[in-house]
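To start, the structure under review is shown below, and the notes come after it.
Order of writing sets the chain letters: A, B, C and D. Residues in each chain are counted from 1.
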Amino acid sequence: MDQREFQYMFYGLAAAWTILCLYTLFLTSRGRKIQAEIDHLKRMLESSPKK
Amino acid sequence: MRDKLIYGAGIFAALYFVRNLYVILLQLPDEALQGAVYRIFFFHLPPYFAAVACFFGAAIASGLYLKTKQWKYDVFAVSATEVGLALAAMNLVTGMIWGRQQWGIWWTWDARLTSALITWLIYLGYLMLREGIKDPSERAKNSAVLSIFALFAVYFTYKANVWYRTQHPGPVLTIRTGDAGTIDPAMQAMIYHNLGAFLLLTVALVAVRMNLEDSQRAVESLRRRAHAIA
Amino acid sequence: MTALEAHGLWKYYGDFAALQQVSFEFAAGSCIALLGRNGAGKTTLLRILAGLSQTSEGQVRILGGNPRQPAIRARIGIIGHGIGVYDELSAEENLLTFARLYAIDHPAKAVDHWLERTDLDRVRRGLAREFSRGMRQRLAIARAFIHNPNFLILDEPFTSLDDRAIALLQGLLKDALAQGATVVLSTHQLKEALELASHVLLLNRGKLAFTGTRTADMLVDPGWVYRHYGEPTASASPANGESTAA
Amino acid sequence: MNYLRQVAAIAGKDLRSELRTKEALNASLSFAVVILLLFSFVVDPDSEMLEQMSGGLLWMVFAFSGTLILNRGFAREIPNDCLDALIASPIPGSALFLGKAIANFALIAIIEAICFPVFGILYNLNWTQQLPVLLGVSALATWSMATLGTMFGALTVNMQLRELMLPMLIYPMLIPALMAAMQLTTLLIAGQPIDAEHAIWLRVLIAFDIIFTSLAAVLVETVLVG
């Protein structure tokens, strides 16, 4: 089986997809954080009376 | 408009990848000298080209920003650079794994490896510069200038390193099925197919990142309004 | 002749508009007092006039040209928040450096003249670092006037000066105005500024609130402009302009 | 003509104030000498290997100690808002850039002029066999450090982490120029002329200087005027 060098092929493909997934996760988590902050700020702006 | 692009390009990229993976894993034969491991190559070269396209696009957008001072160019430049960095990381890591199997070492100070790493560091510097500047106009302007410098520097690094030393397989693709020493047309076609898939993915990711940058801008302006009231 | 004009000036920092649709026009020989509270956009406007910053939209013309043209900048003198002289250079070296940058005809002669005029002749070889506060301020004034500018931009010039420097600067400004120069100065010290000023320009949150000639009313009661053209809340503490809104 | 006089005025005042305090110069020089000394523990000072590494060692020293000088370049303009006074004066951005780059070049050149003989004495190397060419190569490589250092000094002048950012940004970009300088310096210290095989490095240095100097001269005004 390892005559065909499957092990490293697997490592390589896994690494490629892992990086992609990590970056996507990083993007979504950051997006969520920013959305939360927008909501928070909007609520703050609405609740405080305009000067 | 941008949301449609995200979903459209994203879905197409996913389908394309599924199709490509099916061909790569189940239809293509092993390479004559390397065995199965050559399949990494389909996730090594295409991301590299996609990353280069990103950096190139970022430099052009940066030039346009300096000329027009329109935000969209700055937003595109930072998004493309960041996605480019992720793709370049993919290129570096897959390359290292392939090298470990083929050359027995994780890293060698070969021309292409070295210049890829330097490229990565240069663009990491771009993101760090952005982190360090608070005023959005100043940030956009200075990082645009850096992006233009970076592109020239990357080209120079690449050239200089090629003259210096190389043990990396040449730009001519060396994938063979038989003893003939020629490129298998099916394998070569697969490189282009996967490049297509990666480019679609890049479009989707850059669009997502641009949305994020827009929200970030919204936060900054909301925060300023909040400060004005408080 | 029009010495200073602005048409539809906007300046953004990010999406924050520091200046919004500001337009004005002043004839040569005017002395314009730029008023407004902290954060109203005074410094932003002055930096644009001085060519230190670019407009996001709109146009500024000083003495008929863009302030970024070297030929125009050669006729502008500025005094900003910092004194703009080098601590490690002597008074003479500082002035000589700027005389050369302004490419004036006889640098050494001009330096001598201004050292005398600002009473720094005795200490011409002394380093700016070793100077007293007042001496440094006079050196800054000499630096700003060394090329005989006929357009002066002064940001809060009287705020940090000692009496002697104030007297010197006021004398120089009066001389310059008498020779037809144009002066723009922003200030919190309404009294000193309004005595010199022929025109008044009031900014309120980046918008032009009032522009016109300085009237006798304003001289008698320096808070008058703020009360009439500033926003309603401004009347509480108009005279020194120190307010809480940023 | 005026342009050259303005460039000279900027370079002159930078050099004069640095030579008066010697702040950056002293720090940079002592740093350089310390690295040169430490290196004797890394490689056997009497071995052949040292000669083969001489170019690399020297340019590492210059790159590290040069940053201390480059960091001061625009930092010098911060107290008293001197940068505003300069930008408001009627000099083109490129003249300001060239003047400061020339001052940086001269200061780094001083460090080099001291380090070369010290290196020769400490490690018993006859480094002067190709002196004129060596000087030319050093000048080209030093100019590339000075241009990138000055340009990125302008880019980072308003940042809090300025002293950290500058080396982070310029080292990766400088690698081609440093690599060329290392190759050529090793060759020249060994007493060999630049042959056809190494001429490519000379071209790298020249092209690097031309491209980045013109790029900086064009873009610096945009950077300085906000």
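Going forward, a contact is a pair of C-beta atoms (placed from the backbone, for glycine too) under 8 Å apart; a residue touches a chain by one contact, two chains touch by 3 or more.
Keep in mind that this is a model prediction, so the values were computed, not measured.
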Most central chain, Cα average position: D
Rounded Å distance, subunit B centre to subunit D centre (Cα mean): 32
Inter-chain centre distance, subunit A versus subunit B - centres from mean C-alpha coordinates, in Å: 17
Separation of subunit A from subunit D, taking each centre as the mean of its C-alpha atoms, in whole Å: 41
Centre-to-centre distance between subunit C and subunit A (centres being mean Cα positions), rounded to whole Å: 50
Touching two or more other chains - residue numbers and ranges from subunit B: 137
Overlap residues in subunit C, where contacts from two or more other chains coincide: none
Subunit D: positions in contact with at least two other chains: 226
Pairwise chain contacts under the document criterion: A-B, B-C, B-D, C-D
For the subunit C and subunit B complex, residues of the former touching the latter: 12-16, 56, 245-246
Subunit D-touching residues of subunit B, taken from the complex the two chains share: 66, 118, 121-122, 125, 128-129, 132-133, 137-138, 141-142, 145-146, 148-150, 152-153, 156-157, 159-161, 163-164
Residue ranges of subunit C touching subunit D (in the complex, touch as defined): 47, 50-54, 68, 70-74, 76, 78, 80-89, 93, 97-98, 100-103, 127, 143
Parts of subunit B lying in touch with subunit C, wherever the complex brings them together: 69, 135-137, 217, 220-221, 224, 227-228
Subunit B to subunit A touching residues, read off their complex: 30, 34-40, 43-44, 47, 83, 86, 89-90, 93-94, 97-98, 100-101, 201, 205, 208-209, 211-212, 215-216, 218-219, 222-223, 225-226, 229-230
